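Chain IDs A, B, C and D follow the sequence of writing; residue 1 opens each chain.
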């Protein structure tokens, strides 16, 4: 994902351009709002107020953001190694199996602070395992990782249905989901943190897995930019030939990167299951894996950017729910559209506005653009 | 005889179920042969289905419905083109975006316009494409073996079914016997060769994407106006991805594509037919396994365990002339 | 002088910040063969691609046959009777020859007629020029020489009156090159105009009527071939007298440091590129491998350095054998004291998106000096990079600058610094000065000789014969995957040239 | 009393022509009669259930009615948090003092339409297509089989659309299953499958066979091609909940509504008049009377997870 264009200052590259892309996505979304006969400006106000207006809203925003941090990091880790892991959805979903088994087994005997680490390991392991097969096939057999991970999303869905209508479901229950976890597998809420600032929260699922997400964001930063493994991943990501030259094993690095990516995707399952619903239900991931693509793109594959982008998407989710309450013509599907637009403008069309921005910068100060300015006297 | 009838019925069902896959698969064939990966087949089919059913019910005409389905689907294909051809964006990302936008906007607009939970109104029979009974179909029904084959399998499908199956030889002919096809295949292999031959790479690829849009539009119309009497949210339910799997399975060849889609349609038909019935030797097969089978088969194929699927060489890579 | 077939006036072209063509003027007479020479990156291909409409000039005018022409796409060029054989072939590999020939020049919306027409037309061209090729063969199954022939046929099929050939002989054997030249002369006799881009001054002297020299994007001179010399052209190309010999003392060769044994390598198509090659390099000597590009040198280097898997063969490093057919990986060889400067610095030797300091540990990133446990020791890495920058005079002296923003010569120095400073026992270098300016060439050559004088074994592969002759203590000549001869540094250019052309030693002596 | 009623729909959406639409009709009737407006919300994912419930409760909505068993988990929590708020849940029992749980004896209504199906059938083969494969839907199927067999059907082909909630909303698959059943000889097909049923009725009509609707009166969906509908008076439950709350007569506990209570029934209107002859009418009325009288006891699948017919 190198940029073929001349250089912009970092703040423009990592701040201005994403903001422009985002703004365009919202403008287009505004037209959709118009199309259903609502006022886009009021919709925007409701959205932002719903997400940040009250403590309750903030808590929900951060709750959603938690999941997106994991899925965004997952996409980013793979992307740094030049791999497009579009299978976060399936990896997160299948991780629910590990979580379910751990929680059902231990929730009555262990306190949450023992169940949680076990569940983290189980979730990460299942996610990593689910990424392992596509990774192996890419490394050893050259199957395109994008296609195999898509296929694995569907296979995961079938496996989970099989498990949830089968052995994970209590016999008497109608809904294809596990029984409700007992206290031993319910994560403590973090709402009190927001309440410290004076807000009042009646109840929101914002929970301790948020801290795990932040910790993972930090660890991903360390991994990518401060470890030998991360160095190898980035080398491979930029040039497989250079990696080969540097003695980096292609098979090993693909498999490791994908397993880390899968593990992170797996961990995103902790938040909705142990943190919110207290069960493992059908389709509990509900697209969060795909949102991770948008989050990673918006965040420019950097953990700090990803956390910010995840909060943005959390805001969209929460604000979008409020929007659905307040404006009947707008359903939550508006959010799906906005996500799509963000992926389109911040991802696929990321370079659309760059030449204009560059031209603008060039006209402001010719020295800041291009290489001539920094090129030395030559060899 | 009972078994024979059962087989005919499953095959009949196979045909119906494989049509949307086939249309989408051929759609994907055009764009991928031209070097543009398209995981947005799902989304384009979905908007096609929505636009088709919505306008059919508003204008009370199946043909207007079909026209709109194609139009909107082509429009989405052009968005994909704008991102991945004109702006050289990442084709996978663009496809994902299109799927999101399609999923959200069909429900939202459907709800806002028709207020039926994202559904369009049920279509009357003149707003749909009905079955075409071939001459003599009823007369020969009684003839053993050939009778049922003619009257059940061959006759009695909607016009779009025949369109889908005729699209197979037509696509083959276009791809391998016409100038346009030659160029499409070339641009998917080596766009620079096409460029230096004096042909516009971008315009060629856009045209291929228009073909894709037309076919996904028909696929969508089939879903909402033939298979079903109206649009229902998420009605593609992953068919675009199965079509993609079929395309790989078919190694990007039209006739193979037909067989791959028939195979996947057959698996689906079989799983409906066999629901809960234990099979000899194997026992009761979980539905989920049947549902996952197309994906599993594709993974196995991709892994090269049953032949090797080599995609068009320039696929997925934007054509960049000046770095 | 005959009427001008082509006239280029004031052509400018930039790629981003790179000015590939600056204010170029050129006039080529009808019915002549015009050569264009220049170093790598001088802008030759760019200029011709502009004439062919593949790129658009930023400014400037073109006239063809005396008429001002607006060439906006290859289509316009083709219509004006311009054909081009690109440096990198523009063929669809899994198409047949016929399909490639008609692509873009189909006579009809259906293929049937076009194919029939092309078939008879190809037969005619074959008869007229001896351009033999099976019209139904699949391109990827043809040897490069024939692929090039298809490119020429493509141009002629489109009725080219002006034919541009961009480094056509780089991939050809001398016999094939001779054949090509015969064809070109024949074309010229029929009144066609030919533009020939090449590095090889000998070819220029042999076949062209006029010659232009490009340097760093500018057109420095145009001469009648008969009124110039190789020496003058070379001087024009590089901008000053070529330093043919670097000052160096006698080699004091010691024991064998690197022994290559029975190395056989095939490329991805299964063609044998290196055929049972064995040789030694001793401590304190530089062994140069000379040869026309494409005779297996690249594959050999890749195999010796562990990047490419060999079919058979091993290397002895300090007396210990390493099997090259599978187990060896570049990391292991590097650990055993073999440093490698690869030919392709942009994709292999460097990660252009990395900061300079990150590239200065590429391949040595598991060296404990740069690590603290599993973590990178950022301070150590940057200090080390700054040392190398100072020592190798890499400019700009900023170890945090993105590598892509260094010029080619400086990029090469980054690689050399990294590999040489590891104090390896054996150094293998592919194309040490490709695309590097003259000042840097001198610096690099001196460094290589210094390595030798420290008692290292140095293996240099270069397509530049002058470079090989000025650096090497022993010269091995590679032809068609084999070592066809060994000479001392005193060998003449002619002698080596014959070897490189695959002419048997005995014949050469005659 | 001054009430601010609220209604929550399940995933099928408000106008599913079936279950959710029935609850909407009940609320509309209430609104028309009393002039009291209500608020409503359609969920689209699991996390939203609790959020929506809590939000309505916090806003002081009371009573809050919700359609569908999937609300149970969320309601368990919220009912405790808001003991003053009155809730009503349909199709599920939530044992809280402030919750009215409305469940239906679907087996009884299904028995009646089974009788009619068998009598209308020429092949004496009839079909049943369920939505998601859960005990509740099997209860429909079991009652239907009971009625059909009692009225002379030789074979009842039963299929479920799927194992996941998506099965409620897959008309294409419903249609395909219906075609399969018709191919196997069924000529009357009963769909207890929410939105999927629309496709079933469509396919039956396309093939010139008869369908049977469910929950709401679906006779009008394919006029003249729908034999009858097994109506489940969800509308009445919603209407009663709102009315009782208005009149301060709301009580918690379980309302188990069968034929006797008018909770389930078969539907007659102009659309199917021609399809139901007098003999059929007499037979079904007799069965209804017998069930109410207790002379016929229709087996409840959910009582022992099995079907004896």
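The definition used in the following text is that a residue touches a chain if its C-beta (ideal position, glycine included) is under 8 Å from a C-beta of that chain, and two chains touch if they have at least 3 such contacts.
Which protein is which chain? UniProt says A = Predicted nucleoside ABC transporter, permease 1 component; B = Predicted nucleoside ABC transporter, permease 2 component; C = Guanosine import ATP-binding protein NupO.
As the structure is a computational prediction, the values presented were derived from the model and not from experiment.
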Those chains that touch chain D and also touch chain C are A, B
Once you count every C-beta pair in contact for both, which comes out on top, A-B or B-C?
A-B
Whole-Å gap between the CA centroids of chain A and chain B
30
Here the gap between chain B and chain C, centre to centre from mean Cα coordinates and rounded to Å, is 47
Taking each chain's mean CA coordinate, chain A and chain D are separated, in whole Å, by 39
Per the centroid of Cα atoms for each chain, what is the distance between chain A and chain C, given in Å?
45
Touching at least 2 other chains, the residues of chain C are 16
Do you know which chain A residues sit against two or more other chains?
161, 331, 333
Could you list the positions in chain B whose residues touch two or more of the other chains?
111, 118, 288, 323
Once the touch criterion is applied, which pairs of chains come out as touching?
A-B, A-C, A-D, B-C, B-D
Touching residues (chain side chain B, partner chain D) in the complex:
5-6, 9, 12-13, 16-17, 111, 115-119, 122, 131, 223, 227-230, 232-235, 237, 269, 272-273, 275-276, 287-288
Going by the contact rule at the top, pick out the chain A residues touching chain B in the complex.
1, 4, 32, 35-37, 84, 86, 133, 137, 141-144, 146-148, 150-152, 154-155, 158-159, 161-162, 290, 293, 297, 329-331, 333-341, 343-344, 347-352
Once bound in the complex, which stretches of chain C touch chain A?
16-17, 305-307, 329-332, 334, 340, 342, 344, 347-354, 358, 361-363, 365-366, 371, 374-376, 378, 395-397, 401-402, 405, 407-410, 412-413, 436-437, 439-440, 443
Contacting residues of chain B [partner chain C, same complex]:
176-183, 185-186, 189-190, 192-200, 313, 321-323
For the complex, give me every residue of chain D touching chain A.
41-42, 44-48, 51-52, 54-55, 58, 69-70, 72-73, 81, 132-136, 163-165
